[in-house]
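When the chains are written out, they are named A, B, C and D in that same order, and each has its own residue count from 1.
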Amino acid sequence: MLNKIVKNADEAIQDISDGAVLMLGGFGLCGIPENCIAALVRKGVKNLTCISNNAGVDDFGIGLMLKTRQVKKMISSYVGENAEFERQLLSGELEVELIPQGTLATRCMAAGYGMPAIFTPAGVGTEVAQGKEVREFNGKQYLLEHAFNADFAIVKAWKGDTHGNLIFRATSRNFNPLMAMAGKITIAEVEELVPAGELDPDMIHTPGIYVNRIFQGVNYEKRIEQVTTRLKD
Amino acid sequence: MLDKFGIAKRIAQELRDGYYVNLGIGIPTLVANYVPEGMEVILQSENGLLGIGPFPYADEVDADLINAGKQTVTTTKGSSFFDSAMSFGMIRSGRVDLTVLGAMEVADNGDIANWKIPGKMVKGMGGAMDLVASAKNIIVAMQHVNKAGESKLLAKCTLPITGLGCVEKVVTELGVFDITPEGFRCVEYAPGVTLDYIKEKTLGRLVIADDVKQMVIG
Amino acid sequence: MLNKIVKNADEAIQDISDGAVLMLGGFGLCGIPENCIAALVRKGVKNLTCISNNAGVDDFGIGLMLKTRQVKKMISSYVGENAEFERQLLSGELEVELIPQGTLATRCMAAGYGMPAIFTPAGVGTEVAQGKEVREFNGKQYLLEHAFNADFAIVKAWKGDTHGNLIFRATSRNFNPLMAMAGKITIAEVEELVPAGELDPDMIHTPGIYVNRIFQGVNYEKRIEQVTTRLKD
Amino acid sequence: MLDKFGIAKRIAQELRDGYYVNLGIGIPTLVANYVPEGMEVILQSENGLLGIGPFPYADEVDADLINAGKQTVTTTKGSSFFDSAMSFGMIRSGRVDLTVLGAMEVADNGDIANWKIPGKMVKGMGGAMDLVASAKNIIVAMQHVNKAGESKLLAKCTLPITGLGCVEKVVTELGVFDITPEGFRCVEYAPGVTLDYIKEKTLGRLVIADDVKQMVIG
């Protein structure tokens, strides 16, 4: 029997140890693996390298792991929403590598697709290009960027089945399916876990082959950074 | 002289029916409010949405549905969701017809700086470097001068570069400027603004178009 | 108004002219753009380069265009099901470039994702590597393979909407969504064309931004190469 | 000596619970019939399916649902469909646990030739070159000798190569051979086959394992 199901986040992350390189899905606070982040804080694992588009806010998302000083290095495209982050960065406690968002996404995809490196024009002529190989194709310059190499990918999906197949909802998809393909071990937390056979095989975003562990998450807060609304006419 | 709404209205005149458009945060976002009547424009959000709708009613707010500015939004008929690699794939392969961005500085060769101020906390480039390196048609929406009154239209960017030679057009409170081999080419000036004033406030190479005219906004 | 809808296959392909480079979706006869192939035969356009995983059979699929000598060159991974193909190849009437199936797929994806080239280990040390750059990453060798550059991509989907959004069914998906992203002009024929808004935005395989023309196909034959069945107990 | 079913049965002993497996056309496909009771193995088809089910009943045949051999198939519980790039992505990134392929020749260093015979019509490599270049665990299922009685286990492939140093194990009608730095290492011989006969029919370097034993198949 395929056995990918774990009881909860604590069991899912139990072998993540100090110094691990993690990928964490989500864009802002949208689609983040809330349960696993909470479990990582409980476990107190340290010196983590976190590859994630953003770094959460002071009291939510990866911000919770920053507060407890568990993160050694962030690899992100945008980190502006977090005062504690800024303090640690300026004091030198935290290392930060900023990379273009499309490059971040594509380096995840490259890992999942077994491509060791990709070419992107993003960052040519900027400080992002420092130390990187530049190559011209058809008169345009591209940077050579390498696939990520992460010990664990931790993603959040809307629905999942016991084979590890995942379906994401709306813009909470973002980096999640890319990271799901890219970790040496992929952990998926889902809002609803169903038996294999209940999801339409045409509608699966991440085939189960990429997912090593899956569990039904609990108590999703799904915090919103900026609630913007319009008035009824 | 235009306010930020005027800048957005003027940029909206660059929209064409059926365009796929990526609007950056700030003034660019306002452009969505001035799509001409009867025209269909599809907004791309680089976090994975084609077809951004208006803000939701209070009882429709959905934490899973946000734009690249992390604001809650809605979908439109014909929307689609996709992952971030496909999102930047469509940007990189030139499928987005028009990209509107803010900037701190633009050089007269089309270089843009909009992500980092030395000495200040750096928040990151987000998708800006991908957009400027890939999009085929980039309009910058920004103030002509900074808070110290210094021109942001320069011969060479002084701030760290976001992308090289990529800007097609700049719209400021003073006018509309095409990037050409001769530098900024002023093709329109805002109501109440003189060409001399524009010359005074522009540090990069500036040429005035033979057919320069006063801007008309609705 | 977005206006991607065309009346039929003849209108969809009307500006395809002699010497064009075409991508045609499908694996074997599964998921091939039957209507457009028929229209290309009717139009009689010649000297085509066809990028397609297979070359059809004698009397179906791309085989129909081979019979009428419209194809100058096939770029495929497997072409074994076609006697007329073999005859033209051996007589030198037809050029054939054989490339590994994963390389074919990834070169389509690269075009759709704006990546000028990709690295793949497929073909290292074989005649496929002749004249190609070999590069080592992490002790393993890879070939540099370039993105395709096709004038038209012609794909077949199950459902599509008036915005050009596409959904594929079962294994008829294959190369179709990849090619849909990769053509300068993408033409989609669909079994069912619905108004924008009827397809679930989470379940769209090809976002409409990639599709330039779409029409509802007719009279799908959907021929099967090998009907294999089992007996009821 | 084994027949093709025997070869498939022996290879089925290499399956492990939860394995994702890609089976090539021919003898490899037969392996699916011998998955041990109670074991769950998920078959990948490189045209875009995880979870290949049995052939359909006549009234279930679906033209949109075929395997990489272009035969009509069915799905299983937990199946998923995907495009060809993702399919080879999962192969290339090493997610497929076991790949079983046919071959025309295998060299004692693990090189494989299985796509082209000079002078004959070349049908193409299909996905074979991707599979052999990427899969981490490749077993070749083939006849030990060709129709002319010549060994297909060679010191060096004479036919055009499909991939270099990639085969882990060869199962033929005569026995089971691991690829090792010393060449083919015979670890099992088929019932009714002598080691001398195997030596006679193997042209590449051959070593006999100290613990070589007769194959046991159900």
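Just so we're on the same page, contacts are C-beta pairs under 8 Å (C-beta built on N, C-alpha and C of every residue); 3 or more make two chains touch, one makes a residue touch a chain.
The model shown is predicted, which means the values in this text are computed figures rather than measured ones.
Undergrad: Give the label of the chain whose average Cα location is farthest from that of chain C.
TA: B
Undergrad: Is the C-beta contact count larger for C-D or for B-C?
TA: Answer to which pair has more contacts is C-D.
Undergrad: If you average the CA atoms of chain A and of chain B, how many Å lie between those two points?
TA: Result: the chain centres lie 29 Å from each other.
Undergrad: Please report how many Å separate the Cα centroid of chain A from that of chain C, as a whole number.
TA: 33
Undergrad: Can you work out the whole-Å distance between the CA centroids of chain B and chain C?
TA: Spacing between the chain centres: roughly 36 Å.
Undergrad: Where in chain B do residues touch at least two different other chains?
TA: 75, 81-82, 85, 88-89, 91-92, 134
Undergrad: Which chain C residues touch at least two other chains?
TA: 106, 113-115, 120-121, 168-170, 173, 201-202
Undergrad: How do the chains pair up in terms of touching? List each pair.
TA: A-B, A-C, A-D, B-C, C-D
Undergrad: Provide the residue numbers of chain C that touch chain A in the complex, in ascending order.
TA: That would be residues 106, 113-121, 137-138, 140, 142, 146, 167-170, 173, 201-203 of chain C.
Undergrad: Looking at the complex, which residues from chain C come into contact with chain D?
TA: Contacts found on chain C: 27-31, 53, 76-80, 86, 89-90, 98, 100-106, 108-109, 120-128, 158, 168-178, 205, 222-232.
Undergrad: Where on chain D is chain C touching in the complex?
TA: Going through chain D, the ones touching chain C are 45-49, 54-58, 61-67, 69-73, 75, 81-85, 87-89, 91-92, 111, 121-130, 133-134, 160-164.
Undergrad: Would you mind writing out the residues of chain B in touch with chain C in their complex?
TA: That would be residues 17-18, 20, 38, 40, 42, 44, 50-51, 75, 77-82, 85-86, 88-96, 134 of chain B.
Undergrad: Touching residues of chain A toward chain D in the complex: what are they?
TA: Interface residues on the chain A side: 1-3, 111-115, 161-163, 165, 181, 195-197, 201-202, 204, 207-210.
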